[in-house]
């Protein structure tokens, strides 16, 4: 089963999608803030590291939202739908580098 | 010793600063791309998760650059400078959630 | 639904169980090796850190085996079984600190 | 400079060494506990995952102890000793997969 076949009809829940989109706009703003920080001559390394860490935290929160929605809406129904193997393989792939 | 005192004069290396800034501009573009992805009704959860993971990878690369520069320019000289305790404490704090 | 109710009848696949058990015996041996390393006066910090990291890698491989088996045997059938909410909640909890 | 040359004389602090050793004995006991858990036919996947996670937490605490000691005793003095480049390179290597 190709990726396209098995994802056909599996879409991100609209509410989660909107929540994730808004959070990513805020992440974008935060990244811009760090960019401006890096324009200043006297920026201290650890202050940059802390900001990067904060952005990583915000991103991983978005990832959690999307993952939970995916589990709830698509993974728990995979056996009924008949694409369990593909779903598990792709989920393990995406969880690998968490 | 306050944070301000011990960081006074410890600045991020200009070349690393510029490299980090350019990488963050690219991260920002990537985040905007995911935001647009999330405007589409038929976006698939795992595709979003993969993009978030890619951004996290790029961010952690920026963090590595800054960390390496900090170690090289400020941490290895901390004993001579006399702020070793403060440097170690703040470094452990920032490494905690890696 | 209590934890006990919903896990009743959900057991780790016997083959995976045996594979995981054997891998953990090897992890145990590795940990003993580090313990002996730490009895020597002249052990170098980074050599210890590398060994700890190796053990963490081996452990996370065991975790991946068990997780994959859990997804394949229990999560993808959760909706049919009627315990999807509990399964997702507990899975998110366990993935949180990966 | 070879690894042997630059680590000559850099040893893990004896107190930290003893603390780490004792913690690893406890980690070993915990791993044995999971091994016994895996001998039972009716073990539940997520219970195994939770135990593995707990061991990973304990291991990473040992790693933090050793890292902090290394930073305090060897990294902050690297410039004076003249092996800063080797110390930073090896530290970045070991932090990579945290």
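When the chains are written out, they are named A, B, C and D in that same order, and each has its own residue count from 1.
In this section, a contact is a pair of C-beta atoms (placed from the backbone, for glycine too) under 8 Å apart; a residue touches a chain by one contact, two chains touch by 3 or more.
Everything numeric here is computed off the predicted structure, so don't read it as measured data.
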**Asked** So which chains count as neighbours of both subunit B and subunit D?
**Response** none
**Message:** With centres defined by CA atoms only, which chain is the most remote from subunit C?
**Reply:** B
**Request:** Express in whole angstrom the distance between the two chain centres, defined as the mean CA positions of subunit A and subunit C.
**Result:** 23
**Request:** Compute the distance, rounded to whole Å, between the mean C-alpha positions of subunit C and subunit D.
**Result:** 18
**Request:** Could you tell me the distance, in whole angstrom, between the mean C-alpha positions of subunit B and subunit C?
**Result:** 30
**Interface hub residues of subunit D, defined as touching at least two other chains** = 67, 91, 98
**Asked** Taking chains as nodes and touches as edges, what kind of graph is this: line, ring, star, complete or other?
**Response** ring
**Request:** Check the chains against each other and report every pair that touches.
**Result:** A-B, A-C, B-D, C-D
**Asked** Within the complex, which stretch of subunit B touches subunit D?
**Response** 64, 67-68, 71-72, 75-80, 84-85, 87-88, 91-92, 95-96, 98
**Complete:** The residues of subunit B that touch subunit A in their complex are 7, 10-12, 14, 17-18, 20-21, 24-25, 27-28, 31-32, 34-35, 38-39, 41-50, 52-53, 55-57, 59-60, 62-63, 66-67, 69-70, 73-74, 90-91, 94, 97-98
